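Take this structure, written in structure tokens, and hold onto it; I'll ask about it next.
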């Protein structure tokens, strides 16, 4: 598969924007400006970018708590303004300030997030069913962490999607940790893609640091779904560069010296998805150092603007509570 | 007016709404058949795309309904037994009930969960529940609880058209009950109580199967003891038509709340409390509740000692009136579906 | 594996007793003597018999609603008296009349049954954990229907058992139907044993009509569990000869002519586990026609006796409700 | 007496009981660490066999605890957030609560589910609940809800020794609160309310975090308005010490029930109803409840409009006393854990 120059630049730029947005949110958090907490997605920009940029606007995308969806919803088209404003708890936020960290924009196929890890899987099956019934070639994707595969509803949803050949792309970002617990303590196998076997659906293990590899792995899965041939399970091997949640150290009494060995973190940081892509694009001559500098600068400015927008936005009005509770 | 069965009234509502709106579909285990008899011809009429038999997977059934509703469909789930809904508790109580609110009201979740409820068939703790309080304590859900074929049809049609998740507690024991149902189309609005019997001495608030029991009890009390009960059926527990209840209490000065749900933290406690908060000075005696005793519902022979019985209703009426025992002499019996 | 003569006779006799007991319960049901309903296990006697006769008394066995556990609990040592008495709703029943169809005898390792299909799986994982922690070589088995594999908690429990190498034998009786819905409508694959792959545990597909095959398949799984090597998933292909629940016809509008085609039922009835074993034992010369006649007669008498015992037993006393609710 | 933190009191109870009885083990996600700080040295002391980190699988965590309890162990589950327990609802509300009863009391299920509960940290509907009514409506469970380090330690030790499933609602916001806890071993019995403050004008029944808020409110009302509150903390909601509540109400003639749970069908409704049923004639005014408004708990800024606030308590006191507003002038603030 030969990706166009435009697409390569787009993937790279998107990842840079995600990184800058994530950094901005963390900066605001530590400045005491945000209403709740934050789970950084640094290091995990590639799979979501590849997914979000592969989907149509009228496709649906369910995300999880990592970056509060940032690496998926920004590529799908959500503006950093509404994303950051939600974290400020403002009425202009992606959940009108009702959530603080769940982000929703149904107009661009982002139905939102629940509070339970893995809880989106069954909803994704239903949304995929709606796509199928509607018959317009829409698909649904659900991207989640390795931890979510422990939950029963995920397996119920896999079964439903496989049986009914739903247009669904299951994407697991396996970063080897659920909070502070290593996957070796919770899962007997290395590859979560192996779960596909019981459901008789195709699967693949993908280098989650290589956005091109992610993109290439997604295309056949999405095509399969659009063609009515059913779901696929893709496993992206990836890693988070920062702690599970900002402000809490990544510590576990189970493991000597913290939950993740220093060398492991260092090894993975060498495979920063943005740096890897940068090197590829420079090598291919798709981008110059100057282009890169500009992309980073623009992303930084975009996030500063989003920050200002958020800080200037009003609080939600409690008079809206009833209308939020029940639709007319 | 023609008389039809409660189960047939439900079937008619399903057929009419599925014909009217092609985004409506039915989903659940063996819903093409339905053990309670409400499906019969739906599969034939609408086929396997709109009458969807699933694996035993309540979480996926309910959760998928939420996901489809968000994407513009109007799923109707049938859980076979209300008890089984607990296997999709997160999906129902968190996702269905709260997803809209969590996202500032930016999406709609028009779905119905039909939950065949109720006991008296001696099937034990996990096949007999009438879990109203579980849903009442969960803002974001609406709750309909029809006691007659007329209400069943009209409320189900309203439920399917509602843009919010609705729990529809169809009572297993009422499935075979018949009652007048017009040929013409009609809807029963949510939040409008129905006075199922007018009376002067005691207000009895009752829902679902309890309404029919209360009506029989009222008949005997009137005949044998000259006591006049007014039976108020809220029909929906959320929204709740408190005004009609209060008006009746202001008239009779006495309240008994009858409910099949477990007593503790049940609808009877809530309704009793609301009346106290809003009509304390009208009450001539403390409110009495008649509900399931605070045990799981045992199977077999012991069930009768836990689920509310007709004589207990009469006893409560006697208590609020400060009367000696009002003996029904076994003239009213609570009969199950099996 | 060469099974001893005694064992062969025992397996055969046990299956006959199960069949007679099942018939007796149905007879009582239609005579209006039982307190609730009944799900016949005729045709499915072999897997439970092989399992129940393979376990130690201090092993644990979780069963499901099929025959209300009869083909598992009778081989594990429960008396038909308490089993039938429970169905009569009497105080002498296996749940003291509190359930009508759940049967419990913790003294012989039968913890009981819940009302939710597949709901025992997570309990079985916990009981297996207790076995492991206690370190006395005990194991836990859970036998359930194909329908139970649709439920999420089953998958959560599989994961737990595989990760912690719990002494657990997962046994699925795949009779191809859940209530009236054919497995082809609910599961994408023929073999449920394939679920094992995702959890990295051994599995096998077994002829569930051949009690010797069932027995032979179980031994390595049980040994593995006892040796601390972890769980196994065994799939027994079997069939029920009677409707899902007595009194309701096996009917589904989804399938022409009822939920199970006539010829399918007829084909399977040719493989009646009792008849198959009878032929084997006659052929091997282990039993004579006269032995067989005696075994059947004794089983019939045993069930008549159990019926009389049940009918003569008292109702449970409502004064016991508090004590049943909370232990001291 | 020495003063220690609520979280350390919980830790001590765990350590003492795990040392005393080797059938006790701790299980849940990241329990070797515990985000609320109650675990610290447990893993070091007892190792991975007795401090068991699991996959994200609430159904398996809770269900396995039931299975291990039946087989003679005493599992202590920590659900991290009380909300997450709903992912194992069938396991908790059907299996744990009813399995013994269903089988005629032939088995015992000694297990504890520690459910860190409560809001005020603006974490939204699925990380803020205090789901007492869910458990109260489920006979078969016991429910402890400590409001102080002393109660936390004593109740948890009792919970672990109890031969029944106990829900232990440890409140996130209390984790850092300090209070006197004896060095010597002690137990706090179930079903014995504690009068946290004596008073004469109004009885305030409160649990968990609400106790500490009510105490602050009482202080201000005493100082600034000369109103005397008696604060009764039931400590366990099942068993419930109704006698102590009634005795206090008979004395003060006024009752306010303060509870963090959603108002509808909540503990405040149940306790209010029980008091009406048993002490109607002693009441000088209708009972008032202060509980969460009937919405999901919003995240962020809006949370304060749904969860009970100190001034609402003062308003309720004013209402039952028939007084004008009793203004706290913002002197009491409800602070979250984050």
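All chains are identified by letter, namely A, B, C and D, in their written order; residue positions are counted from 1 within each chain.
The working rule: a residue touches a chain if its C-beta (ideal position, glycine included) is under 8 Å from a C-beta of that chain, and two chains touch if they have at least 3 such contacts.
Every value quoted in this text rests on a predicted model; they were computed, and no experiment measured them.
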item	value
Pair exhibiting more inter-chain C-beta contacts, A-D or A-B	A-B
Chain separated most widely from chain D, comparing mean CA positions	C
Rounded Å distance, chain A centre to chain D centre (Cα mean)	36
Length of the line joining the C-alpha centres of chain B and chain D, rounded to whole Å	31
Centroid distance [mean C-alpha coordinates] between chain B and chain A, Å	41
Chain A and chain C, separation of their C-alpha mean positions in angstrom	45
Multi-partner residues of chain D (each touching 2 or more other chains)	54-55, 57, 59-60, 83, 86-87, 90, 94, 101-102, 124-126, 139-140, 295-296, 298-299
Contacts with two or more other chains, residues of chain A listed in rising order	95, 97-99, 102, 114-116, 119, 150-153, 156, 159, 163, 185-187, 316, 324-325
Chain B residues touching chain A - in the complex, by the definition given at the top	25, 49, 54-55, 57, 59-60, 62-73, 75, 88, 90-91, 94-95, 99-110, 139-140, 142, 163-164
Residues of chain A that touch chain C when the two form their complex	150-156, 159, 162-163, 185-189, 194-201
Residues of chain C that touch chain B when the two form their complex	35-37, 89, 95, 97-102, 114-119, 147-148, 150-153, 178-181, 185-187, 248, 251-254, 315-316, 318, 321, 324-325
Touching residues (chain side chain B, partner chain C) in the complex	29-30, 32-33, 35, 39-40, 43-44, 48, 53-60, 83-84, 86-87, 121-127, 295-296, 298-302, 305-306, 338
Of chain D, residues touching chain B in the complex	83, 86-87, 89-90, 93-94, 97-98, 101-102, 124-126, 133-134, 136-140, 261-262, 264-270, 272-273, 276-277, 280, 285-289, 294-296, 298-299
